[in-house]
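Dropping a structure here in structure tokens format, bear with me for questions.
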């Protein structure tokens, strides 16, 4: 029972505990959740501290250079002429997963802390949240693609209910929309996974395997497999590998989300309760990015290489499109939801460049967006909990009324519009630099994409500062007089929640090497896949 | 000399008549009769083919079983139709269209 | 000079740290210990000042020093944190710390009554920190970082009175316009990085001298590491210039600076006159070797155009701070021009001198505004304390302020025995020489420049005479008794800083021979080989100044004695100038007109129609973004719903089949079986 | 002059076969026994139930023993009437298991309990039906096939229209019987031709295929289609599905659950056994099946989306699953494929029976029949509602439930053949799309149970009955089998 397993299954344990505990203790559930999150944070911090870097610990397509590995044979079902399904319980982390693990643990803690607002049906809420927690940790640890898929799908159910039961007015619509979008992607992905299984063999045992690390090495493919590098099989007249990549990419692009697969996001965010929007923005979007790196890119490097122009284009489109739509919003939460679309566009752009700085920037962007979007959504939650309104024009000059709150808002806003000194700046700068260098290094994406993408930063400044001006500056004026009483400044718990986020945002902004050093060797190994 | 073809032809005619009855009659009993016709067509076939069997009388054997089973199923069918008549006061199968969609 | 103060390099390093950390610490502390905010801030900045002096003595007249530690490393490049000391650096350090110190002291009185005082000083400290770090930074990436931080602190300070609508829209405008320039800067950085695999200034332009080693041949720009089409060289130059233009308020990105005057006057003097706006010039000087001919010409022409335009606008403004703001723009235009004609030394020289006298002008104006404000509050009057039409005859009531203000005015118009004389003429001379070399149409540059410098004299002395001479117009405008309005001389907090500044407006600080530019120690160090005599050195100063003096007389008669007035108020020239060349209006009209028709749909937009470029381009974007939003709602979601409707359609068909009639079921069954059968027969 | 079979030899064969035939014998005995009990003992509901339960248990035990002592090669019993091998017995066990669940379900079903004539006759009919489907699974002879299908059909006719108080139930019963009778008549006609071509009733007689090679594909396909009619009627795939929603909706819930699972197990196992020969005899077999599969998935899921009545919804969902499973029939027939089929049927039946049971319980406690009436049930019922949700998740095929594993197994068995079989890919795409579509109606139930606010739910007495216990067990099995499917692969 390794640390990773503990990390994954502690929440499940507590979920059962909560289910068994009688209702009259329902007030204690949230403390359980916090406890779990703290334990996980401790574990992940320890892992992060213990994590070794260097050529011996690159991970990516070197199974033995993953760290904290755990292996158990799991399912051995017979299917077809290809013998048994060899599904293993295979866990491990490399430079790409370890920062995201830490991020998830932290975000989970924040979400737990912001769950105080939940008023009804604590038992259901907190046990579902634990289940979600398990699934998330599992996704980032799983190295067996089947296991990964199981955790990946497992995230949907709790989210469906968490959004659907504790959500806002149009919660049913939002919940089912979110569910359908994701499922549509992932079911097709299931086919690809099956196909991959039959075209890959474990070099050691010689029978087929779900180990995604083996799938990354061309020599493990059987010559006549559907997705084999050599035999250029066609499905419906399309090259199989191309089709496979597109299917998987779309499956994760929906999660990220990338224009035009993004319309579930604003609805889900607007309807979801604050802690869930925090988890959505803080972790689930990263799952998408992680999936693209870990599966779409690593298993289909050849296709990714050929398509990187279009992927970069998608990234740029997401950046600009998201920012522009954000500019048109009058609902604060919607605005922030669209800003996530814009920010995650940088991840794609950096990734498409396939330069070390670009990919590092993309990873950094995922992490920093993790902290910042959580902060933003929490900030929205603060005001929403007090007066149950998010319409921007109903507020004016809050700076005089809630100075501390405004302080944090300004930190969050300026951090996410990429002010130097905050993580977002480093992330976006290096994604762009990578995108720009790409033409002279590997000639994948043209320079103008980087130039175009950089306008996203300007637009970001535009909508955030405008919001700042509209809501917080000027003469104090709110929709109803009664709000002035309701709109109290932050309390201790809220400050306690926001401070660590701001701290990490600044820390990574000042010392980005904390992340870059950890991921560097994995990034280099990752780039080798494409040469 | 009556050859196999004649038997098969008659049987086919019977079968078609049966189907025709089944899909056109406005009376459940007549539909049942149509089904009976179809079954009889099969019986005729069986007996006709039996002549060419490698083992003796398999066809006739089958035919006997079919007759018995047909009787049984028709009995059941009649019971159910009767019950329907009790409830709805009609045996026009097309009147029974309140379950749909 | 080393022998005077002999300190090791570690010492230099420590001092540098002290220099930038002191304001940073004070930023936090003055937020925590609110009561001692001003004390903390002043202490911090004085520490930096002392450190700056020592560093100056150490580094000036000696070789370049460069310290750096690793920060971020990638495969093909790394970015380091470090300090770069050369003459330029230490000069700027000294300048900034000195002026900042004075402004801090000045602010104590100026901001005393405001309840947000601690925040004010915190912001000031933050600004000092970023500005000093910007100067010290040893690579472009760091410069960019602090470049934006400087913009950020200016955002904070412009919007210091955040309940004023105009202030908050002004600071938003300022920040976003600067962001626009910063994009250029960032793009420039990308180009440099991918071309030279380093951003280290020393490596690029100094000892490493990668720029020199790169060359353009048959359409390609080749560096030791990389080659790309040569237009990227031009683009790189223009990108950096865009950044600089936004910071230094050059056309067409200049409109934020006048609005920035919404901030406290002390802030305007420090940030928007003396230091921050000069950062653009500083940057360009740092990377000057990069620019190729075409870029230089663009810089020069934009510089000269801005200088002229701003000067003409300044002629007619009545808001004293606006006049000064436009004069700042105009002066920055001069510096840009200097860079454009390849005379960085004069640019820096003028930067230094201009910093002093412009800061002084602002502080002087600040004193007057301060006094009038008190007056206004004391008597609950309704008037705009920045409007010069209410002033006049203040010489009697506040002589010291008047004197220092006049000294500064003379410096600005470059009259003899003032620092302005040297620096401005330096620029003029080099422009003439440049035009002489180039010949042809390029003679238009010196013509416009001389014109501009006369305009300068005119508008600044218009202010002087309107404010200090004639008689106090406020009473008669308000039909009030003359004697109840008592204007007092400024108190010590305000007085001494301006007096110190006044000292630095005199020639002798820079050169012991009042008429010879070459004698100036500063100039000698920066550009020893330049200006070795020549015809222009004699002619230019003479004819410029003769005419200036003539203008001065006219102005005096017009505004102080009111002997006559130019009957221009109604002419289009006057309006054109008064309306600031209609820039804001043009920017608006471009996109606003169509919008107004749809004002209902965009009712919120109207709120922001007034304030120019940012919002009008915002409108353009918002047009697109609302379109994008529409696309989101109707097309993308529409597709999803379309699928749903397909399912519904199918369902209706199947329902019709499932019509409840058992015989129909059977018929359908047979039909489908037959279809299958036919299919099998066909294929 | 053709000679008949040697009497001595055949009798000896019969004697030998009897030992393999014990379970069926047990059931027949039980069948008679129950009739007798019912005749001579008054008020014998409980006794009859016990008796039938014991019968089935004994039969199951007998099969277990057979499964363990089975020898690898399969042999024919009673002069080639029955096939006897591990495959057959595996499916028989599954069918028995499902029938056991159904039996318990019948016993708990309110509609049957409140029936004036009592439930005893019903059990008799049920046992007869079970006997029929067991023989169907192992039948190796056209006669046996027809016989068992007819027994099964007659039993199901009676079961569906056992409760006939209401107009609609009578209507459903009549439709069922007419449609069924027609279908089986058509099949019979087809069978006669099969007999004619080969001159033998024995399915495992090689000269069936020899004969098929000689005759033209015209009549071959015709015969094939006709035979499929009767089988398709039992499996209710398009175009033989019309009766399903009507019958399921009006039959007692327990009967619907029985019809939706047990006959399918039997018929599928039989059809799958014949798939190989059919694939040989008619090149078009797989294309027909694939077409039917695609259509079935489409019709089933599309119709289900807009259903209001729970049982009707489940009926359409079962049609959809049939279509999904049909795809397996085009695969090369080997032991592994059949074990996949077995696993899917296992997963499907426990989930489906569980779902029907929960619906029945909710019906008894809150008399909810439609989605609308389910609003906010989650607040009132904290035991069954979650289980129902689990079943729905499993039917949708999401982890961590057995439904997901089953779906994945089928997908992966098919994906390995995409290159071999023509236009398998489009059908697969249809399968995926309909899976996504199925999410709509399956999650309508949790949606109404949990996401909607309750409006005017009458809480009737909510006493915990035995069925609740079974449901919870099933739900747990669904979950465990989802995580550790290996435990449940008995062969």
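Side notes on the structure shown:
Residue numbering begins at 1 within each chain, and the chains themselves are lettered A, B, C and D in the order written.
One rule holds in what follows: a residue touches a chain if its C-beta (ideal position, glycine included) is under 8 Å from a C-beta of that chain, and two chains touch if they have at least 3 such contacts.
Everything numeric here is computed off the predicted structure, so don't read it as measured data.
Interface comparison, B-C versus C-D: the higher count of C-beta contacts falls to C-D. Of all chains displayed, A has the C-alpha centre closest to the centre of the whole protein C-alpha set. With each centre defined as the average position of its C-alpha atoms, the distance from chain B to chain C rounds to 98 Å.
Averaged C-alpha coordinates give centres for chain C and chain D that are 81 Å from one another.
Centre-to-centre separation between chain A and chain C, using Cα means, comes to 39 Å. With centres defined as mean CA coordinates, chain D is found 44 Å away from chain A. Contact of a single residue of chain C with at least two other chains is seen at positions 655, 658, 660, 662, 666. For chain A, no residue reaches two or more other chains under the stated contact definition. Residue positions of chain D touching 2 or more other chains: 174-175, 178, 182, 245-246. Working note: touching chain pairs come out as A-C, A-D, B-C, B-D, C-D. The touching residues of chain D, when paired with chain A in their complex, are 331-332, 334, 336-337, 339-340, 343, 393, 398-400, 404-405, 407-409, 411-413, 415-419, 425-426, 428, 432, 435-436, 439-440, 443, 446-447, 450-452, 484-486, 489. The touching residues of chain A, when paired with chain D in their complex, are 75-82, 85, 146, 149-150, 153-154, 156-157, 160-161, 164-165, 171-172, 175-176, 179-180, 183-184, 187-188, 190-191, 194-195, 197-198, 226, 233, 235-236. Listing the residues of chain C that touch chain A in their complex gives 71-77, 141, 144-146, 148-149, 152, 159, 162-163, 165, 168-169, 172, 175-176, 179-180, 183, 186-187, 189-191, 193-195, 226, 228, 604, 614, 618, 621-622, 624-626, 628-629, 632, 636-637, 640. Only residues 15, 18-19, 22, 28, 31-32, 35, 38-39, 41-42, 45-46, 48-49, 52-56, 58-59, 61-62, 65-66, 69, 72-74, 76-77, 80-81, 83-84, 86-88, 93, 96, 98-100 of chain B touch chain D when the two sit together in their complex. Within the complex formed with chain D, the residues of chain C that make contact are 647-648, 650-651, 654-655, 657-658, 660, 662, 665-666, 668-669, 671-673, 676-677, 679-681, 683.
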